[in-house]
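Should a chain be cited, it is by its letter among A, B, C, D, E and F, assigned in written order, with residues numbered from 1 in that chain.
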Amino acid sequence: MARGLYVGRFQPFHRGHLETIRAIRADEAREELIVGVGSAQDSFQWNNPFTAGERIEMIGRALDEARIGGCMLVPIIDIHRHAEWVAYLEGLLPVFDRIYTNNPLTRLLFEQSGYTVTDTPLVERDRLEGTRLRSRIAEGQDISGELPPAVVRYLDQLNAPARLALLRAERNAPPESDRP
Amino acid sequence: MARGLYVGRFQPFHRGHLETIRAIRADEAREELIVGVGSAQDSFQWNNPFTAGERIEMIGRALDEARIGGCMLVPIIDIHRHAEWVAYLEGLLPVFDRIYTNNPLTRLLFEQSGYTVTDTPLVERDRLEGTRLRSRIAEGQDISGELPPAVVRYLDQLNAPARLALLRAERNAPPESDRP
Amino acid sequence: MARGLYVGRFQPFHRGHLETIRAIRADEAREELIVGVGSAQDSFQWNNPFTAGERIEMIGRALDEARIGGCMLVPIIDIHRHAEWVAYLEGLLPVFDRIYTNNPLTRLLFEQSGYTVTDTPLVERDRLEGTRLRSRIAEGQDISGELPPAVVRYLDQLNAPARLALLRAERNAPPESDRP
Amino acid sequence: MARGLYVGRFQPFHRGHLETIRAIRADEAREELIVGVGSAQDSFQWNNPFTAGERIEMIGRALDEARIGGCMLVPIIDIHRHAEWVAYLEGLLPVFDRIYTNNPLTRLLFEQSGYTVTDTPLVERDRLEGTRLRSRIAEGQDISGELPPAVVRYLDQLNAPARLALLRAERNAPPESDRP
Amino acid sequence: MARGLYVGRFQPFHRGHLETIRAIRADEAREELIVGVGSAQDSFQWNNPFTAGERIEMIGRALDEARIGGCMLVPIIDIHRHAEWVAYLEGLLPVFDRIYTNNPLTRLLFEQSGYTVTDTPLVERDRLEGTRLRSRIAEGQDISGELPPAVVRYLDQLNAPARLALLRAERNAPPESDRP
Amino acid sequence: MARGLYVGRFQPFHRGHLETIRAIRADEAREELIVGVGSAQDSFQWNNPFTAGERIEMIGRALDEARIGGCMLVPIIDIHRHAEWVAYLEGLLPVFDRIYTNNPLTRLLFEQSGYTVTDTPLVERDRLEGTRLRSRIAEGQDISGELPPAVVRYLDQLNAPARLALLRAERNAPPESDRP
């Protein structure tokens, strides 16, 4: 069975991500898609507010809601060494033969290793941009147009606006520091 | 939705593992089960011959063959610090509320954190023991009684007997050494 | 015996830190206070100029001078994974039951784990701010109003102005680089 | 002020350790002694059953009971690179000028760096040996002759025999494994 | 035999580096010079576009072309702990007794350890500055005046302008991210 | 230019290693040979007594003495993840196209990546075996038949018998432990 691989940080998982996965799954109906949740070790930071587990939860709920099947959700801890990125994923994940990405560096690294790389559609990129969405959540604004309904509900359950407001205010103060 | 967690190294995934998962899924039909593939960073060692990706592949095929659904397969990289093990899994994985294990240390660590821990059945433990199975594979013996048919076929495809024979012979010689 | 925990980087230890500890010790006279020296692995950087050992030395001298007892000074190496921060400290330190902090993220992480968290007073925050104090030291300005006398003398002994001037000038040039 | 340094794993802290510290403090009454708790990252293993925090607790109680003052207890996380061991401790700890050890490797590494190294007395070494003591605790035997009374009481409070019996039985089964 | 040590990141290796090495070798004709390639673990980043291996290759070709002998090229992986930097290099490298650097922090750390530190000449520093050179390469400009001819040819062979243009555009998007 | 790669730990560098390199260089006179010094982070352990720098020194002297040129000596820090071993070396080292090894695991990993792997001759393997040689050195026996003369002299200069005797006696006592 052929599999695709699509990696992101999904902080949070928004409609652009969902439409990307829907398009991949529609186009390649016979494939399974590995959805890699990157920077899995990071959480409770302004740029990475949600744990890998929370991100897997929100993605799973959004895919269920959208009735998109055939996805395997996997947390991926960073290694921070780009030259070993492809080999690391090859060891961590079941065999895949196609990469879906709009990140040129990812494209370069996988093409160097002989993989087929496919562009992902950019869905309303300006509006569906991670930093902008985190800011809107932190400010308590309505993001129901940008996120799948299941994610909106889950973020509400997590009390996400309070967490994000806190992390934005303290973005230079990790817990090992006394004061910002 | 409630989820269970069952962690092992699965080197290889044998009938005991399969029956454990079948029993969990039968008993708790409403739950999803996270199957954590431990020591995910290790491979090509005598005690850990298969990569995390290969182990996910063999488990997935065996579960499909046995028509067992509702399992989420996740690679788990070791942190080697037991006091942080529960917190690490809580961050890495979606929420779970029950642990299935026959490892007393796992039981202790999770009970200290307030989790419900359930024993797993020990299916023919002497026969279905990892080291014994790896030795039998390395010796080219028939292990079709011990492993699910899908795993037997997959190991054949991986040319597992040759790999295991090699790793057993060189178990003191990592690749950074010139000679055993 | 009940213990409190107060974590900071203390680069350098200033009068605000000292007054915070004095207030904690006065208020909770029966408790021991663990003073955690965070980012203990960092030194000789503009944001972290002093080693953990030097910081323990300056704190110890300032507490002696101020006749504040009952403090245990402990270096704490970063783990950079916020989801495991509480579990990490629980393993590293003797039992504590109260956290003193004005860092909202620290508050959030410890409250999630069921701890009592107490605000620390902010003593002249604008004036007693780490970056500002490091700049003043680097410029050779008088900081005797901002630091405890014992710290002033110790920084003099360390030849701190020269070190800080150097680190400020070269803040983009770690020792593995040839030139800034 | 001159300081000494004495590093051990203290799994558990026994009467030999206590008498060593008493002798150092008696002989060098003017010095402070840093007691470094080594392998601080390890716990819940047969060779390292107690967390660093638990070891600091038991040492602190034993020193209080014996009315030995002037000791600074510090957890020390391993770096596993012997060539950097001295430099690592120099950065982590306040200045020390004398090492107390009966470990010839420690002696060698510190003497190479110009430190004064002093032998520690070996108090009933055969009887007061870590592995033997852990075995006796695991077997529920009386160890009140080998451990300071405060440590005996603290281990009782920790339910140490159960933990040690468990860790001895499962010494090849870390929590990432399903079965021993 | 006495040896010198000269450490840089060499992203890329330019004429200033070459003239520095030429001057060291001319002045100290009897010495061998260790050329340490720092941040060896980094590559495919805007600030560190080339792998350690590529940097060793370009330096080796440039030295051959300039007929400069007696250099030992060594990749040096960062440890990110400045207090251990000298001890780390002492363990990793054959004995050296002189450091060549214009980095004041390197000077400070090595002088503290008793080494002789010699300034390196700054050759046209504004023009031969790493970030500026990387920008010029990314823009496809002529850099034959700034780099040794062998490096110009090697970068051409690596298709460096395309790599650098890509890394500059995506400098906030590591491969674990889906989109910049 | 084509290059070969030969990796070992060289604890110590003995006549078998020297004859292997001589044979490679004789057979492939046009190639450069990268001699990788593995487990470079380890030293002052019974299995890894010498630092990477000391091993580079002894190899360099032995090659000079034997008038074998064209070798590039490189320390290689372990990554302990076999699935990434080839990618790691590809990033760390200049391009190589042939591996010399008698380690079947190394052969397997490189062949999987498409490299040409060549067996190295086993020169008196029983006699020239690392553990045996370290034991003989620790016992003060004559090893002038087993080691190149330059290595014999260098080990004498290092006072190697005393170091090895110490490490053999204390092989279970790292410096973070108080007593063996």
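Following the convention adopted for this analysis, a residue touches a chain if its C-beta (ideal position, glycine included) is under 8 Å from a C-beta of that chain, and two chains touch if they have at least 3 such contacts.
Here the structure is a predicted model, which means the values were calculated and not measured.
Engineer: Can you list every chain that touches chain A and also touches chain F?
Structural biologist: Neighbours common to chain A and chain F are B, E.
Engineer: With over half of the numbers shared counting as same, classify the chain E/chain F interface as same or different.
Structural biologist: Mostly the same residues.
Engineer: Calculate how many whole Å lie between the centre of chain A and the centre of chain B, each centre taken as the average of the chain's C-alpha atoms.
Structural biologist: Those two chain centres are 27 Å apart.
Engineer: Using mean C-alpha positions as chain centres, tell me how far chain A is from chain D in Å, no decimals.
Structural biologist: Going by mean C-alpha positions, chain A sits 45 Å from chain D.
Engineer: List the centre-to-centre spacing of chain B and chain F in whole Å, with centres computed as mean CA coordinates.
Structural biologist: 35
Engineer: For chain D, give me the residues that contact two or more of the other chains.
Structural biologist: 41, 43, 51, 81, 83, 90-91, in rising order.
Engineer: Once the touch criterion is applied, which pairs of chains come out as touching?
Structural biologist: After working through each pair, the chains in contact turn out to be A-B, A-C, A-E, A-F, B-C, B-D, B-F, C-D, C-E, D-E, D-F, E-F.
Engineer: Please give the residue numbers of chain D that touch chain F in the complex, ascending.
Structural biologist: The touching residues are 6-10, 17, 20, 36, 38-39, 76, 78, 80-83, 85, 101-106, 108-109, 120, 122, 125, 129.
Engineer: Across the complex, what residues on chain D touch chain B?
Structural biologist: It comes out as residues 41-45, 51, 163, 166-167, 169-170, 173-180.
Engineer: Spell out the residues on chain F that touch chain A in their complex, using ranges where they run on.
Structural biologist: Going through chain F, the ones touching chain A are 81, 83-84, 86-88, 90-91.
Engineer: Show which residues of chain E lie in contact with chain F when the two form their complex.
Structural biologist: These residues of chain E touch chain F: 40-41, 43, 51-54, 56-57, 60, 72-75, 77, 90-95.
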